[in-house]
Every structure is written in structure tokens, then in C-alpha cells.
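Chain nomenclature is as follows: A, B, C, D, E, F, G and H, assigned in order of appearance, with residue numbering initiated at 1 for each chain independently.
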Amino acid sequence: MQHWTVYLSGEIHSDWRQQLEAGIEKYKLPITFTSAVTHHENSDAAGDSLGKEDNQFWRDHKSAKVNAIRTKTLLESCDIAVVRFGDKYKQWNAAFDAGFLAALGTPYITLHDENIIHPLKEVDGAAMAWAQSPDQVVEILKYVTSK
Amino acid sequence: MQHWTVYLSGEIHSDWRQQLEAGIEKYKLPITFTSAVTHHENSDAAGDSLGKEDNQFWRDHKSAKVNAIRTKTLLESCDIAVVRFGDKYKQWNAAFDAGFLAALGTPYITLHDENIIHPLKEVDGAAMAWAQSPDQVVEILKYVTSK
Amino acid sequence: MQHWTVYLSGEIHSDWRQQLEAGIEKYKLPITFTSAVTHHENSDAAGDSLGKEDNQFWRDHKSAKVNAIRTKTLLESCDIAVVRFGDKYKQWNAAFDAGFLAALGTPYITLHDENIIHPLKEVDGAAMAWAQSPDQVVEILKYVTSK
Amino acid sequence: MQHWTVYLSGEIHSDWRQQLEAGIEKYKLPITFTSAVTHHENSDAAGDSLGKEDNQFWRDHKSAKVNAIRTKTLLESCDIAVVRFGDKYKQWNAAFDAGFLAALGTPYITLHDENIIHPLKEVDGAAMAWAQSPDQVVEILKYVTSK
Amino acid sequence: MQHWTVYLSGEIHSDWRQQLEAGIEKYKLPITFTSAVTHHENSDAAGDSLGKEDNQFWRDHKSAKVNAIRTKTLLESCDIAVVRFGDKYKQWNAAFDAGFLAALGTPYITLHDENIIHPLKEVDGAAMAWAQSPDQVVEILKYVTSK
Amino acid sequence: MQHWTVYLSGEIHSDWRQQLEAGIEKYKLPITFTSAVTHHENSDAAGDSLGKEDNQFWRDHKSAKVNAIRTKTLLESCDIAVVRFGDKYKQWNAAFDAGFLAALGTPYITLHDENIIHPLKEVDGAAMAWAQSPDQVVEILKYVTSK
Amino acid sequence: MQHWTVYLSGEIHSDWRQQLEAGIEKYKLPITFTSAVTHHENSDAAGDSLGKEDNQFWRDHKSAKVNAIRTKTLLESCDIAVVRFGDKYKQWNAAFDAGFLAALGTPYITLHDENIIHPLKEVDGAAMAWAQSPDQVVEILKYVTSK
Amino acid sequence: MQHWTVYLSGEIHSDWRQQLEAGIEKYKLPITFTSAVTHHENSDAAGDSLGKEDNQFWRDHKSAKVNAIRTKTLLESCDIAVVRFGDKYKQWNAAFDAGFLAALGTPYITLHDENIIHPLKEVDGAAMAWAQSPDQVVEILKYVTSK
């Protein structure tokens, strides 16, 4: 294991991904991050090129499946994942990813504030670590991937 | 396949489970339902018999893991699942179960109202059917398990 | 192995299933047959109870997925399968089932006339036997499941 | 995931493969295409070097198996597949590949005209996307494999 | 899941197995316990019927493998396991069983005193619960297997 | 584990199977034996009902595959196997079964005389026990399946 | 798939391996061959460095297991295998390898003369091709690995 | 297989790892060693950056899980492992690793003195070789990874 692939799942409206990127650059960690497409509008429109849909359910359905071509493959090929829960939106896709990883036996770290411990107890129960800040995640990744 | 095991995941504060039970009884379907422990207080206290914890995170953690002994086993052994999203709470455990089932390749049906189509698009994208009422779920189960 | 489950895939417009049933009854073979729902109109309408669709693609899509809840589970749990190709229709679902079984490593027998040997060569190439009549299938099942 | 392997299955008598190649070259996508041997006569004769057969079934059988050494390995190692159905021939091998991919859980995209939606409903039901032109496939692959 | 199989691993010189048996009998839990052969001398002599060995390593080797025919099969088929560490002997076989279960993804409960928390931290880290008395294990099993 | 399935592979020209049957009957062991069809002529003719072949290779091929429908299923579903090597014939099918079991991780016991230890060293190397008489096999099975 | 790994199993007393090497060099095929250690005396002595054994069974056992560290890993990681049966020795290890590959679903080609078709029928029944000369194997590999 | 990854598990208070490194350097073997973090204090403190714990069990728990992110991944991706038991401490983590490897089917070599043969009989029973000195391990690795 000379190089690790770490999948970043969840919140797309804050800069936690950038903070992690900065952290691994700072320490020159042997890590490549992978992720869903994080541009919100593009992601919602992922299936539009296959033909427009009048019905909202089918538009979402087509886009969700096109996105899943990418995310399923990346989830299955990562070594570790970080699953981030912010304070907005339902974020069921992040919990879905956590369940997917748990079933595969892939270790993941959750990243969230203390005030949502209780609703996340099942997600945290299957996690290998709970971090409250991107810095803590960087510390863990630095330790885990050290020579 | 003479008999089917169907896992019921999600909302514990409405009577959808009872409606499904009534439905399969009415049609005498060859189905056994399985489920997490659905008594809210008991579920939160599942780990208390192993010693009290001062720290909320660890109390939740112990209980989540005791619950997972049951749910992981039942999720892995069911033939089909129904995952219900209601209009209260975060319900990340239901989305977690859906992701777990998706990774195992176990077919699941979602049950939720039209107003949460968009935040559930990834969960619905990996589902085999979306129902809006328990009656619809009963119809599908009746069809699927017919002789 | 006291009892065998044999999945019957393919053609629904001739009586080959009935001939196989008669054959195992005649010899009292320890076999249970499983199958997709073989009533053509019901199968096409499998998803209609979840709400009507204007668009033909989505109507078919919903029904195909509801049918797959049943067929995927039965394909994964059978010990042996018989895949029948008749002389009408495209029958891509039968070839799809054969590929599914091949990937699972489940042995299957093809049942078809001599005049379609060439287009079926990949499907036959992964099969354990090629039969030209239901009687031959019964003979093979009788031999395979003998005490 | 820096590079993706995409298996191209189905029709060998039109230039859809070339159009896809042109598309990924144009956008410099990080994709390698794999495929069965697409030279029709060579493919039919794949087993001839092992000795001639008088019987057509066995000639086809030998060739089908030699081809499967290649296709099975490539199907199992691809990240994504595109399965193309044209308007000629039985094309059961394409449906067989789709079933094989479905059982492996490998995401695939179907490529076919609107007029064969109904007979392909099971194949489309397990697909992640349905495209009607090579250009649409290129768009999806571009999106899915973007940085 | 109407009935659960629980494998009991570890210490054979105290009566913890009997206490668990009494517990499930008291509450009429739907549980069957499985176990290695727990008669110490018989276990050490398990391979002797295949011919005596002069060399202690090979005598142990033969017996260990005969025992593994049983334990490997039971470990692979249990739903839950309890792994007990007492205060005597090396007990590497109990830790070996725990690692085996962890790799299979089978949930296990450890049962040991507080004074060996530190050397058991990896074994506890992969466990779903840590109990300090057989009574606590019975409580957990009662909860987990409840209707 | 209340009942064990034990597959008997190899030699069909001596009465070792009968001796094992007598042994488990004597001790009333909770064991069911499974096996290939052991009638030599029937086994060689297993594919004949599908049409006669002039070419010996294809006749053998058809029969081998029909037999494999049975043996592959039974090998995959047994808990333990006994693989017997006698002093006649090539017996490559027995060694093939042993390799198949080794890859599945299913424990097997070899049964053969001392004079073929060297050529069987790879087969014995992956076995859980080597017995020289049916009585020894019965002893091992009695021990392994004891309450 | 730019490069293929092909495991060569069986006979070590003729030059078939060298002929295959020459063939792939001639055509510059994208293939790497892997193999057990083929030096007979070294292979028999593989475990001797761990201490001498008086008993022939245990000497063979130790060596067989040391060899299996290599062969098991190479068998599991190859894309294709060639299994060669010559006219000397028992060659049970070659049949064992074939069974191992069959269980893994790895395609293999057998290489043997016509006079041993019958005893090899099970081994050939699970093979993807039967070749009678190294040249034929080279032809097949050339075809299978072509661009 | 041009290069092998060998995981080193167990004892961290003697220089056996350094001796193995020296050995593979001497013979220029195509091997990369992987390992848990072997600095004792750092390993015990692996989870401290996520927040201090008053309770010893939870401090150990957090650190054990952070360490497992690394070790689980490395155990699952190694080709071979060496598991070392010294004469100090409980070393349950080494036995746990051995059980984990056994369940995965990954070959491992044990390294320990003769005086602990009996308590290690289950661990040795599932091993491919038992060595008493680092030099012996180097010899085995040299043989196994030879061209």
C-alpha cells in the first residue's frame, strides 16, 4: 500500500473538501481523493442530455442513476471514505453512502458537529472514527497512511 | 421460494407497519416481516444493560451497536425490504439501511410522499419501486409473491 | 440435497412449462419449479398500481423493476434453471436471464430448436446442456436429482 | 479512479464503436474501451484452430467458448459497459452480456432506438441509463469520468 | 429470522456456557448455541485416531485441523458469536476466532473482566458489545432476538 | 448446526461408501451423504438422452456437463467432503473435486493408502485430515458432529 | 485489459512451457506467464529449510504447503490458465489446479493427447478449450488477447 | 505476479522486522512489507486527536478503531502475511490477525519458538508454514517469490 484512495461523501455547500485537500498537500500524504460531481446544478441535470422529462420524479431518477454510475464505482474502489453531515438539507445521500460502505466493509470516518450525534447514532455506530473538524480528519489520515 | 422475508425499515411513529401486516393477513401472503426493535425508548437504551455511560456519544454508540447485531443480521437475510420515510426527524438510519441493501443487491421498495422526491433521489434511484401508500406496497408484495 | 429448485425462464406462449410439470409429477421428482409471473398482460402492468404513466418507456420501466423484485430473487436462489427460446418475439429477457445465471455460476439448460443454434451460440456456450424437447429436459432432471 | 475501462457489447455491423472512440478522443476522456473480437468471420471461426468440426453445433460451441475466454474476463474487469442493440439479427449475445453485468453489479448503459423499448424492458430495467445515439453516450461518459 | 444460532468461543474451564444456557432456557429465547468440542483432553486428542505422532507439533497439528473441520463450519454458519476470555492460559484460539468472525462480518460480543481491556483493545474494537458477566450477555441476546 | 451434509467424492469400484453409511447408521450420526451418480455406465451415458454423438470427445463432454449440474451443486452445498483415491484408474475427477473444494474453503478429508502419499501431496496439503480406512473417517465424523 | 496473466499448470518434464514462451515472444503477445516452481527436486524440498522431517508424509506436507503459498496466490490472480497433462505420473496436482480454477470461475485451456480424453472428461467439461499441441494454445492466446 | 506484498503482524519489541527487511534487501526480493504502526505509544494514542477520553475503555476503543482503518485495509490487500509471537504480553492482536487472514484465505507464516507450540496449535493449524527464525522466513519468501 503505497497510495490510498479516499472517497469524500456528503455536504457540497461548505469548503471541507478544500480543507482536506490543503491538509494532504501540506503533509504530502500519499492520498487521492475521489468524489461525486459536486456542482449542484450539474448533478441535478446529469440525465438531461438523454432527453428532457416533464415529470420531476423521472428527471430526478435519470440523473440519480447517471450519478450512480460514477459514485457506485468510486465507492466500491476506495480504501477509506469520509462522510460529512452539515447543518442544512436532508442529506440522505450521505447516509446512503455510509450504509453502502458499511455493507462493503470499507472503513469510513464521519465528520459532523456534536449537536447531531443522536440522529446519526447508527451511522456513527458503523464508522471507524468520528471527527468534528477537517483538521482532525487530516490528522487521522496522516497517521493511517504513514510509512 | 415458498415463503418470503421482508424487512421493514424506517419510521416508527406511524402505523404503516400495522397496515402492511393487515394487508398480508387479508391476502394470506407467504411473507414474514422482520424489523429493528421499534420501541423508541428501548432502542435508545439497548446498550444500558452493559453499564451506564456519562457521555451521550458513547451511550448512543453502545446502543447503536447492540441494535446493529439485530438489524445487520436481518438486513442480510431478508429477500426484499421496504424503506419508509415519514415527515419527521432526520431518518438517516433509514437511508443508511437503503445504502446497505443497495450494496448487497437486495431489492427494496421506498414508501414516502411526493414532497420529498428530490432529497430522496439517490435512495429512490437504487430502489426497485416507489410507493406512496402502504396499500400500494401490499399490492406489489401480493404480485411479487404470487404462485 | 433432498430437494431441488429449478427456475423456468423464457417463452410464455407455449405449454413447455406444463409439460415439465407433468414430467416431474409422473416421476415424482424432488423438484419445485419457480418462474416469473407468466401472465403476459399482468406482467406488463406490474407497476401500474404505483400510478399510471403517460410515457411508454417509464411504464415499461416501472413494470420491469417490479417484476425484477421477483425474478432476481428467484434466479439467485435456484439450483438449476431451464431457459427456453421459442420461435416468436425478441426474447431478450431469456438471454438476459441466461447471462445472469452464467455470472452467478448457476447451471442452466437451454431448450430450443436446431434452427437457432447459431444466434444462440454464446448462450449455449455457457449452458450445461442443450435440449430440443421438454421430454429431454425431464430426462436430464430425473438423472440429475436421482438418489 | 484516474482511468476508466468501458466494455462495448453488441452490434458489430454499424460504426457506433468508432463514434464513441472519436468522442473520447475529442474530449480526451480518461477511458479505455474493451470489446469482444468484432470481426464476424474470425469470431465464428475462433475455435477452428483446435480442429475442424462437422457438426455445426460443436463448431459454434468451440468458438463460443474461445470467445468467452476473452469476453468473460473483459466483462468482469470493466468499470462500465455500453450495450448496443441494432435493428438486425437476434442479438441474444448482447442481452446475455447485459444479464451478466447485472449479476455482477456493473453499471451499464443501453444504446438503442425507441421502437424496441418494449422487448428490451427487462434489459433497460437493470441499466443505469438508456441512450438513443452515440453522442448521448459520449456525453454521459464525459460527465461520469470528469475530474 | 425466527431462530438464531449463537457460537460460543473461548474459555472452557469455567461455567459461563452453562450460565448462558440457563439464561436462554429461563427466557425461552429462540436460540441454539454451537461450540467447539469443549472437553479439553478429547480436543487435544482429536487427531489421534488417524495414527499416533511422536512429534508434538504434528500431533497438535492433526488435532487442530480435525477440530477446525467443526469450528470453521460452525463459525461460518452462526448469526452471532460470544467470545470469552478468562484469566488463565494464552487463549490465542479465542482471539483467532474473533479475527475470523470480524473478517466474515459476523457480529460478536466479547465477555471478559475489566483488567484485560488494554490487551484486548483490537478484539473489542471489532466487537459489537463488551459484556462483563454472562447475565449481561443474556440480556443482550434477549433484546436482540425479541419478536 | 444440527445436521451435516457430507459429499463423498472419488472411487466407485469398492465399498467404502457403504462402509461409511454403515458407520453413521451405527452411531446414529446427524449426517446425510451426497454423491455423484456412482453407476459407471449411467454416468458415462448421462448426456445420451440429448442425442447420440459419433465423436468420443463430444459424447464425454455432454455427459460430463450433465453430471456437473449435479456435482457442482452438491459440492457447493456440502459442509464437509471425503475424497477417496483407490489404486486403479487415473481418478483425475477426484483431484478436480478436491481443488474445487479447496477454492471454496470447504473442509475435506482424504482417504487413501500410504503408497500414494507423494503424488497426492498437494491434495493432502489442502486437506483437513488424511485417513487410511473408512473406520477412521467414521471416527472423525463422529467427533466433528458430536453435540 | 492491456496485459494478460496466464498461469501454466501441470507437467514439468517436457518443454511445453518453453514452446509457449517462444510463441508469445514470436507474436509479441501482451502476456506474462506464471507458474509453480518447476524444478522437481527444489519443489519437493520446499519445506526443508524449516527443519528436516523423518516422516515422509510430513516432509511432503510441509513442502506442499510452502509451494501452495505461491501457487494459490498465482492461481487466484491469473486471468487465464493452461493445464497440461502428459503421459507420465499421476498428475493429480494438475487436476487439483483445474478444479480450483473452475470454482473461481477462471477460464482454463487443457493441453493433452487424444488418448486420455475419457479419464479427463470432468476436467475438460469445465474447460473453455482443449488443445492437443502448444502451437494450438499459442493460436488461442493470440486470438484471445488481440487488440 | 512480479511483486509481492507481505504483511508483518505481531511483536513490536524485538528486531524481527528489521531482520526480514535486511534479508529481502540482501537477496533483492520483489517484496514490499506492510505493517500496523509499530510505535507503541503512538499506536495507543491513535485516537487522541479526536478528543481525550476519561474512560480507559473508550480511549482504547477509539485508538483501536483508528488503527484498524489501516490494518484492515493492509490485511485485505496483502498477498502473504507473517505473524510473529514473542515471549511477552498477551499478543491477542496477532492471533486476531491470523484469524482474519484465515477467513480471507490469505496464506500466512507463523514465526515463534518451540515452547509455545501447544497454545498456538489453532493458529498454526491454519498457517501455511511455521518458522522459528527470521532467516527461515526469508528462505521461504525467497523460494516463494522466485522467478
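Structural remarks
The definition used in the following text is that a contact is a pair of C-beta atoms (placed from the backbone, for glycine too) under 8 Å apart; a residue touches a chain by one contact, two chains touch by 3 or more.
Please read all numbers here as calculations on a predicted model, not as lab measurements.
More than half of the residue-numbered contact pairs at A-H reappear in one of the options F-G, G-H or E-H, namely G-H. The greatest centre-to-centre distance from subunit D, using averaged C-alpha positions, is reached by E. A separation of 44 Å divides the Cα centre of subunit A from that of subunit G.
Distance between chain centres (mean CA atoms), subunit C to subunit D: 23 Å. Distance between chain centres (mean CA atoms), subunit D to subunit F: 40 Å. Each of residues 65, 68, 105, 130 in subunit A touches at least two other chains. Considering their complex, residues 1-2, 4, 79-80, 105, 107, 109, 128-132, 136, 139-140, 143-146 of subunit H touch subunit G. Listed in rising order, the residues of subunit D touching subunit C in the complex are 56-57, 60-61, 63-65, 67-68, 85, 89-104, 114, 116-126, 130. The touching residues of subunit H, when paired with subunit A in their complex, are 5, 32, 34, 37, 42, 46-47, 49-51, 62, 65-66, 68-70, 72-74, 77.
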